[in-house]
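Per-chain residue numbering starts at 1, and chain names A, B, C and D are given in the order in which the chains are listed.
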Amino acid sequence: MFKKTVFMLVRSDLLAQNRAMSNVGFIGMGNMGAKMATNMIKKGSKLKVFDVVESAAKSVAGATVCKTPQEAATDVDVVFTMLPDGHVVKDTVLRADGITKGIKKGALMIDCSTIEPKHAQELSAIAKDNGYRFIDCPVSGGVTGAAAATLTYMIGGSKDDVETARPYLLQAGAKIFHCGGPGAGQIAKLCNNLILGVTMAGTAESFNMGIRAGLDPKVLTDIINVSTGRSWSSETYNPVPDILPNVPSSNKYDGGFMVKLIAKDLGLAEAAAVSVNSPLPMTAAVHQLYRAMMNHGLGDKDFSVIYQFLQGKKP
Amino acid sequence: MFKKTVFMLVRSDLLAQNRAMSNVGFIGMGNMGAKMATNMIKKGSKLKVFDVVESAAKSVAGATVCKTPQEAATDVDVVFTMLPDGHVVKDTVLRADGITKGIKKGALMIDCSTIEPKHAQELSAIAKDNGYRFIDCPVSGGVTGAAAATLTYMIGGSKDDVETARPYLLQAGAKIFHCGGPGAGQIAKLCNNLILGVTMAGTAESFNMGIRAGLDPKVLTDIINVSTGRSWSSETYNPVPDILPNVPSSNKYDGGFMVKLIAKDLGLAEAAAVSVNSPLPMTAAVHQLYRAMMNHGLGDKDFSVIYQFLQGKKP
Amino acid sequence: MFKKTVFMLVRSDLLAQNRAMSNVGFIGMGNMGAKMATNMIKKGSKLKVFDVVESAAKSVAGATVCKTPQEAATDVDVVFTMLPDGHVVKDTVLRADGITKGIKKGALMIDCSTIEPKHAQELSAIAKDNGYRFIDCPVSGGVTGAAAATLTYMIGGSKDDVETARPYLLQAGAKIFHCGGPGAGQIAKLCNNLILGVTMAGTAESFNMGIRAGLDPKVLTDIINVSTGRSWSSETYNPVPDILPNVPSSNKYDGGFMVKLIAKDLGLAEAAAVSVNSPLPMTAAVHQLYRAMMNHGLGDKDFSVIYQFLQGKKP
Amino acid sequence: MFKKTVFMLVRSDLLAQNRAMSNVGFIGMGNMGAKMATNMIKKGSKLKVFDVVESAAKSVAGATVCKTPQEAATDVDVVFTMLPDGHVVKDTVLRADGITKGIKKGALMIDCSTIEPKHAQELSAIAKDNGYRFIDCPVSGGVTGAAAATLTYMIGGSKDDVETARPYLLQAGAKIFHCGGPGAGQIAKLCNNLILGVTMAGTAESFNMGIRAGLDPKVLTDIINVSTGRSWSSETYNPVPDILPNVPSSNKYDGGFMVKLIAKDLGLAEAAAVSVNSPLPMTAAVHQLYRAMMNHGLGDKDFSVIYQFLQGKKP
């Protein structure tokens, strides 16, 4: 039944892409935002973009570069934000030349940043107070998914707003999950990423032990991947160099999902968990390992480098 | 390429099953052993069985019940053991009426118990000293796999001995991995199970947080299972009641892989890791959680009950 | 040399107490605040008190009860706050009838709450913007220390402001540490409390193991207390019932430092640590244990109840 | 009452030292053993010593060097052992030229090694079977305590055997605790050392955070040492360089209690805890940190070097 549902989502998604696109504002032209914006332009949207680093905004071919968030939010039906954290998003909304100063009544703000769920709820309330609409819409799929327009979106907000957002989202991504009310998209994202952080660490320590005890890394991979220990981390993103091609572990742990970024997400997860009193013992344990790794100079490496950290090695 | 290899394994395995079976000794008629023995008998082997609890041995229809390990090991080409731990296996081998007293020169002992790798190496050395052969051959697949004859075997020992064992093994299981020399089967088993213990805990704490924060359990499952957090634990053995049918979490956490048994395996993994100086921070963290759960009366429940333990609930 | 310094502090402190006291405002008449206020009144100060629960304010004999924080802050040289968290303190300062509306230029606000260091820094900045002075001044010593006027103060702020505060502080406490600029008092408090949380847990698990293995609890206490494992937790606040009189463990774990409060402090410590990238692996581990204990119904018990939690018992 | 007891112990101890000493065997002339043996000789005992490294045995001035454990155990009333682990002790007892071959009926073997409690119990049983007596008698106080003859002994065995041992023990140490029957000395030692490992780590992470957040290390030390976070680790063995003189942290973390040795003890504690089902979550967490530190090249440094490991530094 699950597969059928997904199929239907995809069907309606394809239809949605054919609707005419209005102009779009997009604020935050970092690694992710610039790729998403580029894909939207390729699919026919007209984009007004802003970044605090003007050269970043200018690098997006075909976009109109704005001087302020206010300007990017003016005269558009939809404003995207893709920013480092909730404080930056709030500031971008509330500053003197911020989104609230430009956005028209009834327009939709789509925040694709990964931020604290409570910040998403605050942003939703600010939107309501100012007469516009808001969904929190963090993505998974990373830089690769952004480049290939295969991102998955996890959305918190009203059903109507999700439908409004859908055709825009599908220009830069592939799957859409409506998770619940304001903040629910962030919660879902954090729920996924904490499992990811924990499972990668468990996988790394297992392979380290097995290989040191004499097992062939590929044989061990074959065993794990047909057994109860299998996961995305072992099958698709193996932390041991040269098991899989085209993953960070086979490329000196460059590219991918940086240690400092998963550490940030795990911290957000812990903060969110406190508010619903849900213990996260494994998350907390691995979070601190990633924090220690940052002090060991590994903050900008892919998080699967924990495999080498356990051995006292550096890539 | 991996899939091709597996296919070829299966092909040769099917052929192997057609060879005539000699008589087999089987020691240890617990939950797993009795099911394996029953399958072997169904497939045409003649079994001599022993258990310290005579009624357990008698419960296996069609087997010849023996009074001692020595008797079960006498006049057979292959002796299986499926016992609680390495000390019991060693005692069963060395006691006054033990395996060494009955086994003939050149016969093969197949130990399917999960034990410390170093105990497996000691048992291999004892076999050599006494003129018989030995492989460590722990299984995965649990009670369900044993009943359905779909077990996976992870083997440490010589290539020749694996080939000798193959037709017998395939009477009670489906997949065979030759992992390396003596003890390598145990190492591989522990490597898998430690990931399992860690990943299940991470999955449980994620779902607990998400559901408490208001997410629909099924929507969250759908998201995780197409995202980087997916694993055997989320897809096949979800710890949240009523997501999947026929898993322990939907049956009051009865059946399945008991907390006290995964705790045992995690302890074995830690001991093995020390000998090759491989830190297991996540394994150690979750091991102690399972130990605490035993004191909270959950030792006989399936290990996915950690989902409820985090909430302070009991099934 | 350290002892000498402390002695001198105490000497000058005694002298300070003899100065004439101006009127004092005190906001927050909870367990701690009410006891501190009572001691100040006994020592001769005139207090204007406020609490959101008016009955709490009225329970302090000899104090003038105010209707708003603004009123309590009006016409006094010093305003104390002792509140649950940084958000409450900020609200008490900034609300329409808050402290900033009443406090006179140059007066000193002394916040004795335990809050995030960054909130303390924000409060210091608010004070500066509004022409009054601020120190963060969390206390240690608990309810017992508050009752006995033996609290220790850890202060962040300027040297001059510490001197202004000194005579007031000594009416309700005994030791004063000037830790550094704004927020430094909070940092010091959190540094102490995280060691406390970790050490108590380690002590509890040690005693649990030793006693279960057959050691006499008092003999084990004697050994630990003359050995390298000794600490405040083993010597003064032993978690095993009936080793020490007058500690929570000998009183069904009632009274003392509640699990939910140390959990709060550990969360604050982790948040502060992230901002200076200092891994807290042990703190994080024990924090999550305390969070789990809250779900097991132990949130209002003394934190030494972790000794029983490990055993699956409840007081 | 405790202090009185200790006083009386000391009184009777002093008297005991005046008794005439018989000849003593001492096996294991490592860092600890050689210093203990030297002190015994200074106090008037005649020693027969053995070590697998003959030069180590020869370095002890005034001792008779033996060629085998058997020889060292022959014709003496008391045989000491101070060896790396339980397997070595058992081998030294049971080998063809081992202790059992030389020791006379009724003589007392005193094992000062830190070993698994169950090994101590096995050694006690071997002694009984062979007609001699045995106590497990691990020490605390380290190399410094051994040099200064101020060691503390934690003993498992019969009261009579403790009294027999007392005068010998006091030649090389100062305090004696009779902890219970066979193995109880080892349990007590492990109970102490696990608190030590946990508390040191908590103290190190606290100081790291505080100092990075701007606190003065000495001020923070002063605060902790009069507060609830104080312990042997903060008062006597502070992990921050240059707080205390003459501790490893002020000497590049050389000397002291090596990371690899506390890691060994924590592993023994975990194994012992499993047998009495006592969860050790904090012990397990810090154990794996020390294991990781060994891979980072810190195995031979003092365990307080965890302070630097958290920062990504090396001494």
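The rule is short, and it goes like this: a residue touches a chain if its C-beta (ideal position, glycine included) is under 8 Å from a C-beta of that chain, and two chains touch if they have at least 3 such contacts.
Computed from a prediction, not measured in an experiment: that's the story for all the values here.
Chains compared, chain A against chain C: the Cα-based superposition rotates one onto the other by 180 degrees, nearest 5. Chain pairs A-B and B-C differ in how many C-beta pairs they share in contact, with the greater number at A-B.
Each chain gets a centre from the mean of its Cα atoms; the one farthest from the centre of chain B is C. Computed centre separation for the pair chain A/chain B is 38 angstrom, with centres defined by C-alpha atoms. Rounded to whole angstrom, the centroid-to-centroid distance between chain B and chain C, based on C-alpha atoms, equals 52 Å. Within chain A, the positions touching two or more other chains are listed as 273, 277-281, 285, 289, 292, 295, 310-311.
The residues of chain D lying in touch with chain B in their complex are 267, 270-271, 273-274, 277-281, 284-285, 287-289, 291-292, 294-295.
Residue ranges of chain D in contact with chain A, taken from their complex: 285, 292, 295-297, 309-312.
The residues of chain B lying in touch with chain A in their complex are 2, 5-6, 117, 140, 152, 154, 175, 177-181, 183-184, 187-188, 190-199, 201-203, 205-210, 212-216, 219-220, 222-234, 237, 269, 272-273, 275-283, 285-286, 289, 310-311.
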